[in-house]
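Each of the next two complexes has chain A plus one other chain: chain B in the first, chain C in the second.
Entry: the complex of A and B
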C-alpha cells in the first residue's frame, strides 16, 4: 500500500526541480519524523524570547531607580508632615505650610547646559555648577530646588522642559521668627528635626513611621503643647536684647521657671537665630547658654550650700559663723568681696554674700556629705530635659577640701544655668526637686516625678534668705513693690588662660516671686557685661543681671496672672516663726541683719 | 412551558445585570465624589493651616510691640495701675458746670455733659503728666508675606 501512496507525490515532484522539491517535501511533510526540527526551531525561538525577558527582569531588579521609579524616589525625598507646636495657651509656634518644590529627571533632559542656565536665571541660584552636577547624575530623580514661589513655578512651567516637574512639598514655618528659637530648634529641608523640641519630636517615633512608608498627614497629628508662654518670652527676649546693648555684654540669657511644676515658661539665649533660616545652625556663638553651656554660678550657688548645712543640722538660722578674718586653707586664702570682719548669722552670711561664712558651713558638712548633697541636687550629672542640647557639668577631679570650700560659693564647679535654676526651684518650692520640662504639665504630674531633697522648714529658710536679700541686700534692683520678691546675685570672675580675670565677669541673678508662696523663679545670666557711668563703673550682677530681672518681673508678672499686693503678707514664713525666729515675719527681718 | 420559563430566566438575568451595572456605576461615581471631597478637605486644611500661620506671623508679639510703640498713645502698664475692685474710690460729686450754665440760661438740664466730659479726662494717672499725642498716620511698609519669608537662602 505504501508505495502506491507515494506514487502521486513522485509524479508531482517530477514537475519541480529536484532540489526544491526535496525541501518542500521536508517542510510540508506531516510525518512525525519530519516535524521534529520544526518543533525544535519554535522551541529555540521561544526559549530565546523568554531568556531575553528574564534577563531584562534581572537587570531591572538590580538596577532600580529607573525613570519609572520617580514616584517612589519622590516619596522618600518628600518632606514628612510634622505636628504643629503651640505654646501653653495654644498659640502657634511652628507649623507646616504647603509649598511647591521643583525636581528633575536627568535622563529626560537633553540639553543640560541650557536647562541649567534657564533654571539658574529663574531661581536666581547661587551655585549653578552644583545644579549642573546634579543634572549630570545618573539618577532618576533629583531636587532642583525646594520651596519655590508661585511666580517661579509659572516661569519654569513656561520652559516646557519635559524632564522638569513639580511636587507639593511641606515647609516648616515659625511665625514668631527668633522668639523661643532655642526651645523650638529647627528642621532641615526634608522637615526632619535638627535641634530643640523639633528633634525631640522626631525621637518620639514620628520619623520611623515616615521611614517605614506610612503617610502621616499633618491634620492627623496632634499639636505638641509646650510649657512656653509666647508673650512672656517676648518680654524676656526684649529685655535681654536691651540689656545686651546697654551693658555691652558678649551674650546674655534668661529663663522663667514655674517652681510648682518645673515647667519652663520662657527661655531665651542671645545671640540667637531665626529658625526659618537657621543658616549655619547652632554654633558656639548662638548656642543655648541656658542648657548647652556650663558656667560658674558664683554666689547664687550659696543658696545650695546653706540649704545643705541647714538640712544636715550643721547650722541653725541663728548660728553665728566666724568671718572676722580671711579663711586660710593651705596656701590659699578665702576672702570676702564685701568684708565685714565679724561674726555673722546665717542671714547675714547670705545678705553680705560672705564666702568665708559659706565655706565654714560646707566645712562642717565635710567633703563626702557635700558631694552627696550636690549629687542629690543633680549638680554633678548632666541634666536631661526634652531639649537635646545639654552639657555635662565640669566638676573637680579629684575633689579635695579646697574644692569643697570654693564650690561652697560657686567657684570650681561649672553647671548649666537651667540646672542651677532647677536646684534652687527644688529648694524653695518646699523641697521637691524636679527636672524642668518644656512640655505642659500640672502639679500632680510634676510631683510624681519629683524627688524630696530638703525639709519644708529648710525650704522656707532659703525663701526667707532670698527675701531679706531683696529687701536690704544685693537683690534690691529686683525688689519690685507688690510682689514680695526674693533674690540672689552671683558674680564670677571669668577664667582666662587658667586664671581668674577680674575685669571679665560672668554674672547671674535669680529672683523668686513671691517669696512666701513661691510660684516663679526668674534667672538672667550675662557674659562679660561692662561697667557703665550709670552703674558707677560696677559690673557686678546686681547692676546688670539684677536690673534686667527686675524689668522682666515688672512686665511679665501681670501676664503670669500675678497681681501686685499693696500690703505685705502678714506671716510669710510660719514654719520659721514656729521655731522661734519670730523676726522673720517682720519687715527687713526685724533688724536682725544689718 | 419550557420556553416561557427560559424567556423569563433570560429577562430576569438581563434585569439583574442591568441592576448590578447600575449599582456598580453609582458606587464608582460616589467613590469618585468622596475622593474629590477628601482632596478638597485636604486642600482646605492646608489653606487653613497657611492662613493660621500667616495670622500667627502677623500678630507675633514682636511686631505688635513695635506697632504699639509707634502708633498708639498708650503707655506700658504700670504695676500701680492694677488695683482690686474694693480699692476703687467712690464716685465723687463733681458737679456739671456745663449743665449748670445751661440751666443758668434757663435752658434746663436736659442732657448731662458728663458723658462727653469723660473723654477729655485722662484715662490713666500717667496720662496727666503727658501731653496727649495724636496718633500719627504712619504708612507701614507692607508686611512681609510668608512667600517672602519662605524664599530660600
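Entry: the complex of A and C
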C-alpha cells in the first residue's frame, strides 16, 4: 500500500477521524502494480482445477469397463460349482444341475415398464414391482430370474429385447427332498452354502478358490462323503413323523450315533424343510433341535452322574444309597417319581430312576469334582461339529450344592441333545469321548481325536445299567428281542414363565445296541408329547420317545448290519463279573435288582 | 492474402488480434456441432422431434455467432465499453420483463422472447465491472471501486429472483476475481470470502432447491432417488462405458437415459462416444484458452483491457470448469453449460459476444494509444 494513495481520499472523508479515514482510503483503493501477480495467481488456481479434473478423468479411465462389465458382473454373480454330497455308501444327497438364468442390462432397456410386463407374463412372476425396481437400478447387470424352463427361455428370446440375455447357470438339487435336510443345509441362489454341511463346505475354502478367480468345474470337485446313511435316515424320519402325529407333539428329533467312531449315521429334526425350496430358511420352528437347541436332559443325565461316582470310587456297583426319605437341602426337597422308601443299590437307583440316590452320589463327589467331570465330558462348553448350527449349553451361575443336586438327575443344565449323546457314547464305548462328526471316518481316526474319560470297567457298568433298565426298568419299550438293547428314559417338565409346568414335558430316550459290544446309540427327543388313551394318559418318555426308538431300532438295525440273535450273549459284562458281581451276566440281573 | 504491407482495415485487424485465440474458439464451435450430433438425438427423439433437430438448430446458430464474435472483435476498447453498457441495459430490461411476464420453466422465470437474457448479461457485466475497477485504479477522483461494488448487487438480485443460483454464483465469482486482480486490500478478500460462505449457507438454509442439490452431492445414498443423483451417476456411467477410447460416434448407450445429454451433460456423452482421452484433449483446449489468455492479460498495459480480459477469461474458465466438474461428480449439480459445446442459442450468442469482447480487448495496440487512454495523473506512478 502506497502512502501517497491517502491524499486524494482525505478531502471527502473529513468527518472521519484521521486514522479511520486513512484506513478507509487504503481499503477502498485499488492498485495496478500488483495486478499482474494476482492474474498469475488466478491462472495458477485454474491450472490446479484443470489438473484435478484431468486426474479425475484418468481415474475414471482406469476404473472403467462398464460395457464389458456384463461379463465381469456375470462372472461375479454366476453360481459357483459345488461338489456333490454323498452318503456313507456313495448315494447322492446333493448335486449341481445345469440350468439357464435370465438377466438384464438395465442401461440397454428403454421401455422398462413394457419389458417388466412381458417378463412378468412369461415367467409368472409374483412380484413384478420388484423386477421393475431392479430394472431401474444403476447397474450394468441384474438378474431377472434364476433357473428358467426351456419354454420360457424361447418365449423371452422371441421378445427380441436387446437388454435381456441368458447365461448358463447352476442350481443345487437335493434328490431326496427333506431327508437329512438339517445335515445338508441348503444354498442361496448364487449356490453359496448358507446352512448345514453346505456352509461347512464353503468355509473349507471352496469359495476362496472362486474368489481368487479360479475356474472350478463341478466335475473336478471330489464328492464330499458324509457319515450319514440315507436308508437309516429315511427310517428315522418316517418314525419321527409318525410319532409326531401320534403323540401330538410340537416337535421331535432323533439321531443315531456310531459309538465306535463318533459318526452320525442319521439325524432328523421335525418340523424340517425341503432344501430344494427352503423358503424362509431355518427359523425357530424348523431349526435343528439336535444341535442348535439346548434342553434339560432329565434322567438320561443320570448315566453321567453314576459314571462319575464310579470313576471317582465314591460308590461301587453294589454300594447302597439311602432313599428311605426325601432328600432335604435347605428349603428344597428332592422326591423320587417312583418312590421306593428303602436303601437302593446302584443298579436299583438307575432302574427306579431315583433322584435321591443319584443326588447322594453327586454329593459324595462334591461340587468342584462334579463341575470338573462335566467339563471333561464336554457338557459345559459349546460342542462344535461340522454343522454351523450349534448352541452353547446353559449352565448355572453361580453353581451351588443345590445346582449339583438337581444336575445329578438332569435338571438345571441345558445341553444340546447331540452333545448328551456324545457324552453317553463316550461313557459306553470303553471310555473314549469323541466329538461327533458328519463326515465318514474309521475307528483309528476317531481314536486319535478322542479323549479317555472313564475306566473300561466304569464303561461296562454303565452298559450293564442300561441293559438291566431295558430288561426290567423304564426302557422296556425299546428292548427289541435279539439286539441286547440297553436304554434310559428322561422326562423333564418344561419351564414355562420360570416355573416347571407339570403338563408340558420334554422327553428323551437313549438306547444302546447291543449293550455288551456297543455299536450304535439311538436317541429320540420329543417336545410336548401328549398322553393318549393307549398310553393310559402318560406322557413320560418311555411311552413316546421310547416307543419311537424301539420302532427305529426294529427297522434300522438290519440296515446297520446288526443281525438279531436268538440266544442272549453268554458273558456280556466280564469285567464286572471279575469284580465279583456275577449276577450281571444273568438275565434280569438274577433277581439281585428289584 | 492479408499482407502486413497493406494497411487495410482487415489486415490491421488480422495482425493485431490473437489468432490462436480465434482459432481455439472456432475449433470449439466446430466441436460443439460435432458433439451435438452425439448428445442431442436421444433428447430430440424423447420429445418427438427429428433426431437431428438440435444439430440443425446449432448449425444455424453458428452463423450469427461467428458473425457476432468476429464483428465485436473489431471494436476498440471504448466501443467495447459502450456495447457492453447497451447490452447490459437491454439484458437487464429483458430479465425484468421475464420476471414479470416470462413462462416458468423448471421452476424459474428465465426466458423471454425465446432468449435467456441472463446469458447476455454475463459478458456485459464483466466488461462494465472491469471498466469500473480500472477507473477506480487509474483516477482516484472517480468512485470507480464504489461503482464496481454496487454493480454486483444490482446485477445479482434480479438473477436471484428468477431464481438462478448458478449464474449468480458465476457472476459473483468473476466479480470477486476482478476485485482480487484490481489489487484491493487483502482484508477485502477475506471479507468477501466470508460473505460468499454466508451466502452459500443462506441459500442452503433458505432455498429447498439448493439444499437438495447440496445434500444429494454430499450424500448420494440418502438422495438416491433424486434426479440429480441419477444424472450424476448416469454421467459417471457414461465415462465408464466409454473408457479411454470411447464407443465411437453414435455408439453411446448410456446417453439414451442421460437427462440433458445435449446441454449440461454433453461432456459425459463426449466421454462415452469419444473416450476419456478425447475429453482430456477437450479440457486441454479450454485450459489453453484460459491460461494463455490470462498470461497475455497480465502483460497488458491498459488496466481496462487487462481487467476486462481477465474477467471474461475467468467467466469462460469458471463456466467450463463448473460444467466439467459436475459431469465428473466433483461438484453438486449446477445448471451450467459447457461454453460453445452445449446446445443453446442464447448461450452460444452470448458466448460469441463474450469471445468477441475478449478478442477486442486483447488486440495489440500502439503503446502511445494505451498511454493516452490511461491518463495517469502526474506525480503518481502508474
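Before moving on, here are some points about what is shown:
Everything that follows uses one rule, which is that the second predicted complex is superposed on the first by the 531 of 594 C-alpha atoms of A that agree within 3 Å, B and C clash if a C-alpha of one lies under 4 Å from a C-alpha of the other, contacts with A are read in each partner's own complex, and residues count from 1 in each chain.
What we mean here is this: a contact is a pair of C-beta atoms (placed from the backbone, for glycine too) under 8 Å apart; a residue touches a chain by one contact, two chains touch by 3 or more.
None of these values were measured; they are calculated from a predicted model.
By the touch criterion defined above, A:500 lies against neither chain B nor chain C after alignment on the C-alpha atoms of chain A. In the superposed pair of complexes, A:47 makes contact with chain C only, with no contact to chain B.
Legend: residue contacts after superposition of the two complexes on their common chain; A:157 is shown touching neither chain B nor chain C.
Contact with neither chain B nor chain C is seen for A:337 once the two complexes are overlaid on the shared chain. Contacts of A:107 after superposition: chain C is touched, whereas chain B is not reached. Shared-chain residue A:35: touches chain C; no touch with chain B. Within chain A, no residue touches chain B in one complex and chain C in the other. Chain A meets chain B in the complex at residues 84, 91-92, 95-99, 145-150, 171, 173, 175-177, 179, 217-219, 230-231, 233-234, 237-238, 276-277, 279, 480-482, 554-555, 557-558, 563-564, 566. Across the interface of their complex, chain A is touched by residues 133, 136-138, 140-141, 144-146, 177, 180-185, 187-188, 230, 233-234, 236-237, 239-244, 247, 253-254, 256-257, 271, 276-277, 279-280, 283-284, 286-287, 290-291, 294-295, 297-299, 303, 306-307, 310, 314, 317, 321, 324-325, 328, 330, 380-382 of chain C.
Chain B contributes residues 42, 45-46, 49-50, 52-54, 56-57, 60-62, 65, 76-77, 79-80, 82-84, 87, 146-147, 149-153 to its touches with chain A in the complex. Contact residues of chain A toward chain C in the complex are 1-2, 4-5, 8-9, 26-36, 38-43, 46-47, 49-50, 52-54, 56-58, 60-61, 63-67, 69, 107-108, 110, 138, 140.
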